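Chains here go by letter, A, B and C, matching the order in which they are written, and residues are numbered from 1 within each.
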Amino acid sequence: MDYPLIVDVFFVLLAILAVVSGWRVFCTDSMVRASFFLLVSFIAVGVIMILLAAEYLGVAMFFMMAVEMMVMAIFMVMFMMNPAGLNPMMMVHQHKFSIAAGAAVFVVLAAVALLAEFPDTPLPGDLDPVKSLGNELLGDSMLIFESAGIVLLTTMIGVVVLSSHRGRYGAAEEGSMPPGLVPGGDPAGMPEENDEGGGHHHCH
Amino acid sequence: MIVSELILPVLLVTFVLVLGAYLVAVLDEAIAGALGMPRATSVWTAPLTQGAWLLTQQANATEAPDWRAWRLAPALYLALAAIGLAVVPFSPTLIPTDLVTSVVLWGSVEALATVVIFLHGWSANTLLALIGAYRYVALGLSYILISMFVLIGVALPAESLQFSQVVASQEGLWNVIRQPLGLPLFLIVGLGMTFWGPLNLADSRDLAGGTASAVSGPPRLVWNLARAAMLVAFSGAAASAFLGGWLGPWLPGPVWMLLKMLAVLAVLLLIGRLVPRVQPERCVTLMWVVFLPLSFVDLIWAGVEALL
Amino acid sequence: MAVSWLSRLAAQATVPVFPVRGMHGEPVLHRLALAAGIELVDSPRHASILLVAGGVPPDQHDALRRVHDQLPTPFATLWYRSEPLDELAGATRVDDPDALPEALKTIHRELMSGKRGSSPRLLPDEPPNPWEGLGDDGHGGEGMMGGVPYGRPMAMNMTDDIRDGLTLDSLTVTLGPFLPMLPPGLTAEVTLQGDLIQSWTTHSAPYPIALESAFFQALQGPVPIAELERARARYHLKRLHFGLRLAGLERLALEALRLAFEPHPGQNRVMALRRRLVRSGFFRLTTTGRGRLDENQARRVGGIAARAAGLEEDWRSGDEGYRHLNFRPLTQREGDTAARWHQTLAEIEQALQLAGQAERDAVHTRRSDGVETPRGPWGEYRPEDASGVLEELLPGLEWDEAMSTLASLDLAPLSPWSLEETSEAPVPTSVEERRA
């Protein structure tokens, strides 16, 4: 293979960026920042894919990950009791278990990288990656991709329903309460009135 | 090789962006003046004097902002505008970056813009900026989806995801006529992603400037510049996708391209001054219930035409 | 060299002014909105001059200091019919509205050329709320609920959620008294979830607004109806200006303001304005049928808000002079934001039509035991502060809806001084006195 040296330089720089920003995800004290550090890491990987001549996949990575990380950040903010994600908070939990799991996964992946035999069939120079990807998506694997697509679409519609003015439990201006777990029961998901043990307190 | 592949494209993109952003400011002032706004200075110097004033103003701080993100966001938005313009062809040979997947790259510029606008509002750590950021995210997804379907529509007759091929496919008939729904929908996307005029929900008046409400001095200048630059980049994409890019009689290709970009800009700026700001609630409904289904219709139209 | 070239260019810029709307300061801001070379901006960060228009009660001086310190250097202050703060005793004061635009431009030029130093900071540069987090990351303690970093508690409000059952992400802030979207003087504590208002507690009422002297004369004896009705039209046109500017229709907002400054605005021009508003999509795009007042609330607010909700309450129907002109109160049914703007436009047209008719026949008012002010009937009592309705009205609305609802409502109490006398009116010392 002949390619200019600059490609190697860029690969090393991007790889470092991907790893460092991936590491920062666990050091930062904010949900939003963590999401976007992860996005930076993915973008670096996307550019590496473009360097590997997988142009479509690399570019698709940008927009997929941009939207995904954005939605992830918003969902985290919505479900955590941190107002608008503006307060600092610890982003790592269960330290011992996660360290062990991380180390184990690293060993496995490193072993795969070092020990596995990768195929070594050079591709024809005039191969059009977009075309071959299209054949793959709408050829033999069509059923898999289409069903995955429909699942994603349903998720999207679900998100819209959740975030729309007509909320999960009725219209916003009418005041909405979650339904009870048994018919006619108390609203689910609401804490008990006299919950002494939990350390909850009203902030208003 | 370095000159033709690196320096020339960078110079071309910088030149068009800076000139375009200046023209956006001049055109907007001129339209405002024609509609009866009081005006003291000439439209040609007004953007320059305002820029000079912002350069002399101090860049303020808020309470515990996310400094890096706050300072980077305007620059990143400007960079996204430059990337977006870099894939726009000015003639069959004068293309800053002729990527095979340039249409998809334009889509990812729109997606990344959502992230950058959100960061700009969120990292200031103040209420009004935060609301602006939230609003943009809530609407950004619908802009991206509409834009995606409309752009797939223009990629179909070209059988390519490359802007230069898309322009070449309009040799016989421009897409603005072949797919009549496409351009209006794409213009709505453009107003949305630059949050301009009726779709200025991120930096709106009811939020005292929204994501930019707590920014002053040079960062604000960069942010304003970046918004105008994104409008220019968008007009480039719209002119290539629907108005036949460099195609046209008598004049050389790049001149046609610039004229078409100016026309798109003029239409967008005029809409910006004539239509009131749409309420976010109404905007969400319009996007998902009216414009997104219309973009499906546009795509089906394009597909049926490609089959015939 | 380069720097002086830059500042010379900057000196020619349109002067960005952040107005602090004090008591009776509004009229001069309307003049400034029409002045060329001056831009009234919405955020203190975007301004080079802080214009304090009208008196600010001493108990809100701290808020004024906070706004003052938000302007980025270099900046200056200008006080219009207002006593400068003690720390800023040397600041420029201008009491003549005609001299104001030139004074603003001069100050801006002097700031840019370095002839005038920037206004000093008044408050120490430290966080208003200290870091009170527990542990390194601020949220130590049980259930991540210890600590209050930067005065912002982790949200654990177990109040009923009004939107979708997600009770967690809520933010409580204090708004006012100088936020340009709110009526001047109004302060409120607001809890938001995203951009949805969950609770609204009004802390201090808006500043009283002054009416033209015609309304005061109507309480003394007969006045020409033409004069009264033109004053009414002017008042509503100025409110319309505010609403349209907020909706992003700057051009039509200025058109409304220009009409308000004309001595004899034509009814047909108001009709043309209404047609252009309808065509631009103002009613369809910027309102969502929210901000509806029920009968009780409408009665509390009075005036246009009451008639927009279908109440046929108008002092003018009891006046012989108006009956002579075949006056009949106009009403709308819906009582929401759009209905209030429809009502406003209709009443402006009606007022101008009555004025024209009354001028021809030289009709005067007959009753002087009360008058229908633009803010509601003034009989035994002056229309009072009605900002209490906000606490019921605004929760459940999104920010934009809440702000456009606020713009369409006229809630401030009426001032005991007329517009012509306001320069002599004293500034009350505290919130309590203003309520009294």
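Basically, a contact is a pair of C-beta atoms (placed from the backbone, for glycine too) under 8 Å apart; a residue touches a chain by one contact, two chains touch by 3 or more.
Bear in mind the structure is a predicted one, so any value in this text is a computation, not a measurement.
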Using the definition of touching given at the top, classify the network of chains in this structure as line, ring, star, complete or other. complete
Going by CA means, which chain is nearest the middle of everything shown? B
In whole angstrom, what separates the CA-based centres of chain A and chain C? 45
Please compute the C-alpha centroid of chain A, do the same for chain B, then give the distance between them in whole Å. 27
Starting from the mean Cα coordinates of chain B and chain C, work out the distance between those two points in Å. 34
Residue list for chain B, restricted to those that touch at least two other chains: 130, 134, 281
Of all residues in chain A, which are in touch with two or more distinct other chains? 84-86, 163
So which bits of chain C are touching at least two other chains? 150, 171
Considering only the defined contacts, which chain A positions touch chain C in the complex? 29, 77-90, 162-163, 167-169, 172-173, 175-178, 189-191, 198-204
Contacting residues of chain B [partner chain C, same complex]: 32, 35-41, 45-46, 48-50, 52-53, 55-60, 63-64, 127-128, 130-131, 134-135, 197-198, 200-201, 204-209, 213-217, 220, 273-282
Within the complex, chain B is touched by chain C residues 6-7, 9-10, 12-14, 16, 34-37, 41-43, 45-46, 48, 70, 72-74, 112, 127-128, 150, 171, 173, 179-181, 192, 194-195, 244-251, 254-255, 280-282, 285-288, 398-401, 403-404
Residues on chain A engaged by chain B in the complex (per definition of touch): 30, 32-33, 36, 39, 55-56, 59-60, 62-64, 66-67, 69-71, 73-74, 84-86, 128-130, 160, 163-165
Quick one: in the complex, what on chain B touches chain A? 66, 69, 99-101, 104-105, 107-108, 110-112, 114-115, 118-119, 122, 125, 130, 134, 137-138, 140-141, 144, 161, 281, 284, 288
